[in-house]
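Look at the two complexes coming up: chain A is in both, with chain B in one and chain C in the other.
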Partner chain A sequence: MKKLSNILLATLMAASLVACGGAANAANDANASQQQAATTEQTTTTTEAAPAQTTSGGGIGVKTPKKDPYSDPLKIAWIPSNATEANGTAWGKGIQQELAYWPNVQFDIYDGESDADKQNTVLSDLIAQGYDGIIIQAINSAVLAPTVTEAEKAGIPVVCINLDVDVPHAGLVAMTDVEAGYAIGERIAEALNGEGNVVVITAKPGASRGERLQEGFEKSLAEHPGIKMLDAQTAEWNMEKAQVVMNDYLTQYGDEIDAVFAHNDQMAEGAGMAVQNAGKELIIWGANGETKALEYIEQGIITGTVYTNCYNQGATAARVLLMNIGSTVDTSTLTKTPVIKMPPMTVDASNVDQITADMRW
Partner chain B sequence: MSENKKSFDIKKLFGNTRIIVLLVMMAFFTIMRPRFFTYGNFVNIMYAVTLIAIMICGAMFAVLLGGIDRTVSGNAALSGAIMCVLISQKFNYSNGGAIIAILIALGGGLLSGLFHGLIMSRFKIPAFLLTLSTNEVLYGIVQIITGNQLINNLNCELTNYIGSTRWLGIPVPVYVLLLCFIIGYIILNHTVYGRQIYSVGGNREASELSGIPTRRVIIIAYMMSGLMGALSGIMLSCQNQQASASQAKNYENNVLAAIVVGGVSSKGGSGTLQGAMLGALLIGVMENGLRLMGIPSIYHDLAKGIIIIFVLALDMMAIARRSGLARGIFSGRKKEKKEAVASE
Partner chain C sequence: MKQETVRRIISFSLLVILIVVLSVTTDNFLTADNLINLFRECSVVGILAVGVTFVIISSGNNLSSGAMLGTVAMVIARLYHSTALSVTGILLCALLVAICLGALNGFCVGVLQIPDYIATLSVQMICQGLTYVLAIRTPGGQITNEIINNATITGFGGKFLGTPIYRVTVAFFGLALLGQIFLRHTKIGTHIYAMGSNRKSAEYSGISFVRVKMLVFILSAVCSFIAALYLTGRNATTDVASGTTLSFQAISGAVIGGASFAGGRGDMIGTVIGVLFLQILKNGLLKYGLPPNWQLLLSGLVIVGMIVFDAAYNEYMEKRTTKAAAIAREKKGAKS
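This part shows the complex of A and B:
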């Protein structure tokens, strides 16, 4: 078997050399040349490629799975951006519940402490320790990219949750963001009959999820010229800061405000509290769908949110990872990261009861 | 100290650079946005600085001793977690249970303060290093207590009342802040302990030789800090109806910034609580004003840093002028030149 894989590798190398023309030095680095070859060729699919499909001209590389993910001892790690945040915890729980079925799998959580460099260090350590697979919520898509590539080259598939890296790797399991922002924009426009003013409470500057939610939201606003965005200020994902920001909005714009869009539920909750304390009623939307937001929707403090089942999302990431560990596709040769999008659910008072206790996180 | 305060002096009041900076800033924001200068907005500013300011009322004691207490945020997270876990999992959201939970949470802060006080008074560990690491320990404990979950506390009447009621249009936490300030002010200015703390902060060995129980002074100071940190955390959890394992994280930086902007010497022994409050207010007013003007958030940190440096530079100038030392470009160089010309 080993011999066979060596032969395959050699064929692939040769093929890639041909494909790359004069890249003579590529012979020094089989992996690099594989990647170069891959980028010059056709796009890939997410389905497993049988060894026989390694035709000349590059494409997806093959590997011999080192382990059977459902029987051999495995070490899998989860690196959330922050283990103490609601979704980080929920994803972790989802992964854990999924992996708990397989007694051969050892599952560890490493907190990224909201620091991309910290995540990078952890990731390098895990490569050195010979983990079999890694699930990560990458705080910074650029900073973590080289290390993810390193892991993939070492034969460790990396699956991202929500926050992706800039290089191709085994998979991404994401909530919808542009779509969610757009959906919220549409709901607000509908509630206001296309006329009114909205303020936005934004994510931490530079957070990709915030930017993408905003992108979708603004796309919707562009279709409703009667709706004006008065202001957008950050509350750094934080409830108490959102309350302060909302107070200041109310001071500055007073009755002009008709609706509020916050980039996560915590901030929507803070805005809801501020609006309630000011004795007003506004349309307030958040995103994510954490437990307290759902209860606030029930209590009428906020209007709605876009809910994603984080347990399910974590479990999905775990399944994708196990599949990749056992597959013969060499994910380090992919040219595009396969993406799974979690179906969102737009929740307001009319359907909040559909989210049962076991779905709340 | 206290004698100076009794003779209220307008000239002296305006001699305080911070008040001038604050007034200039307020005038500027009022011109730019007339709505800045309204009762409601001042209440908002007070509310925005409340959590930080309550922490300052405690952390101030450690800074006056020449130390620093970075655990205020850890204590806040710990007390919030203890309170919410007890209320939601042990006391079933009852009001009586909430009172017990709050007391236990405050006790947690006191214990943490006692621990730091004991170590700080016994060993010569730099306070910065000790509290930097113990703050991590505290957050670790919080993670264990909460199991890294958000602990929701939506159904407790008492904590909801504290978190979201207004008396005369002013939120309850602001009254708690006023109470803390008055207590801190009285302790620092009108008690023997207050004088001892300035003395120990100024010169520990001399104080010890003169018979001041320095160890006790230090232990009580850190306990005050722990208590106020815990109180701030309880207010935060009441406002948020929730405890999270990363609650109040990094608040200690704002607390220390406000204390330093407030003119409290980081070497210990000098500075006033009202000065530190003014520092917090200065930062609060600036953030509020920038938001009212609709300036994008990415510039706020920049503006905050510049204001802090500006106030500190004004301070240094004033000190240099008072002490007669000619240093830097502002103070005395002209005089030096004149003198040099004269001597020629």
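This part shows the complex of A and C:
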């Protein structure tokens, strides 16, 4: 009896597999013929309108928009690296507020749970479910690259916020990174009169934003030979881990350290706590400008940060996405991701009061 | 009806109910694209779950399967970047590393008699540590994710022989089938069940505890290796955090499918049902567009619900069996 039921189940499963395989084939065929029809249509319109813009020459391809983003029903998703973090929440709120003006848009949030594989799974699910556009904060620029390409090839524009992927896609809306890193380097050099030692608490390995911040920072250090970088260790964007890293630095280098640069505010806050607990006072800079960091600047626990309005940034990403959904540019053929940079504001105790309550996130 | 049959009917019905509910309430669940993707997404967890099922049946657990996947993937990436080995050589080395790590699990549990949970948790840490040690770094010491530009390796993440089905899905169902045959129709398979049901009586009948534990952990490690191939192939790179969250999902899949932590119960068909159930549940939640925190909460609650139900049901069945045995004894006594 048991064996029989086992065999029955196995056959059932095999049958379901074959069945869905067959269905997919049919669907693929249908897609293929549709695509073919679309391509022929495109080529004719292209030759009439703009003969230079064809895919064959390696240039940018043209597509017929599937939907009008401002009237047809749309499904748009936001995949933050972690939905509970301050910036993830703020971007989500910004996107939501912007999309709320468009009653035709359905907006969903899927948590990446700080796991690149999880983001990959969600992204694949959303492609299969036929979403019209995706906004993502890619935890890992390399791991997520193939799936983003898959989405773009399926005609779903992908816009990244802050954390980019290694392949070209519809767009990136980023806080200034190289410039911010450079500006922080300059401010530290100025405060130390060009002589001193600095330690860095770095982003999660493989995160493009961390690499760019560091690039700008090192560019500034190269102009100030008196400033020496003692060490750079990762705290993976995390406050608690930053406390541990900072304590290690204090044990290892002691009084040699004059300044700290952390690749985000949370890590700067962690470093600030560690320094305060050790009864020391150091120059500590973060980046992003979340509410808590601004409060810590007011309380003197950290020195400064580069502030970006995340609500505005989220809204910008939403607008870029809608534009791309309705555009005739086939973003999967781009050779370089178009970038929008959010205006930076270098904040310390002298100007922190300029960031009013409604701008804080 | 036997307890296992009832349990199988229950888990299978739950899966069917879930599929029916989702097909009726959402309009894009039963689409080919969604199903193919669903099978693809559950397959890496499924392959790990197949390995973990062997361990659970032998009355144990393996918390290190996901982390081991990460280590094996990193071994592949590292060898690809730092040596001139051929792909075959790289894969053989990676398989060897997996077998060694599996044997380490087996050694700790079998020879040193460390409880499974503690032994495999330690091996999980060893694996994570190894992954970080092996990680490719820039001259400045930062970990980077180098792209693997090799058609054979990236091919593992691709589709199966021109069909729309992914290779990883074929591997999952193939491994489950092989595992099922191995468990139910070979002598060694019977030994694994015997060891899980009652270690003492198994040892009295000449089955070696060390050998069984070695075997199940090495089988689980080989499954981690196979899963690593597909994840590396798909991502064309690997991350230091890859796989670490998958161990729990694999165990959940096996347990939902009917494998019991008490040992001696469960099989691959159950595991396949459990893994599909978990994935369809998650895939379905996505469709309802729930807020992210609720998605996590709900899928956690369902897993806990299944496990609690399983425990309660087992207890009920055991009581019934003891009662029936007692009645039978009394009847026998009355007769004589």
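We adopt the following convention: the second predicted complex is superposed on the first by the 303 of 361 C-alpha atoms of A that agree within 3 Å, B and C clash if a C-alpha of one lies under 4 Å from a C-alpha of the other, contacts with A are read in each partner's own complex, and residues count from 1 in each chain.
In the analysis below, a residue touches a chain if its C-beta (ideal position, glycine included) is under 8 Å from a C-beta of that chain, and two chains touch if they have at least 3 such contacts.
Keep in mind that this is a model prediction, so the values were computed, not measured.
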item: Contacts of A:A142 with chain B and chain C, given as first, second, both or neither; value: second
item: Chain B versus chain C as contact partner of A:E295, first or second or both or neither; value: first
item: Touching partner for A:A315 - first (chain B), second (chain C), both, neither; value: neither
item: Which of chain B and chain C A:Q243 touches, first, second, both or neither; value: first
item: Touched partner set for A:T234, first chain B, second chain C, both or neither; value: both
item: Partner chain in contact with A:V329 - chain B first, chain C second, else both or neither; value: neither
item: Which superposed partner A:D117 touches (first chain B, second chain C, both, neither); value: second
item: Touched partner set for A:T202, first chain B, second chain C, both or neither; value: both
item: Broader residue contact with chain A after superposition on the shared chain, chain B or chain C; value: C
item: Contacts of A:L99 with chain B and chain C, given as first, second, both or neither; value: neither
item: Chain B and chain C contact sites that coincide on chain A, given as residue numbers; value: 83-84, 202, 205, 232, 234
item: Interfacial residue positions of chain B with respect to chain A in the complex; value: 33, 35-36, 38, 40-41, 44, 47-48, 51, 143, 146, 148-150, 152, 154, 164, 166, 171, 236, 239-242, 244-246, 288, 291-292, 294, 296-298
item: Complex interface listing, chain A residues touching chain C; value: 1-3, 5-6, 9-10, 13-14, 17, 20-21, 23-28, 83-84, 106, 108-111, 113, 115-118, 120-122, 124-130, 140-143, 145-146, 166, 202, 205-206, 211, 232, 234
item: In the complex with chain B, residue positions of chain A that touch it; value: 82-86, 88-89, 92, 202, 205, 231-234, 239-240, 243-245, 247-249, 251-252, 254, 269-270, 273, 276-277, 290-292, 295, 299
item: For the chain C and chain A complex, residues of the former touching the latter; value: 1-2, 4-5, 8, 12, 28, 31-41, 135, 140-147, 157, 163-165, 169, 173, 177, 180, 184, 231, 234-243, 245-246, 267, 269, 272-273, 283, 286-287, 289, 291-293, 295-296
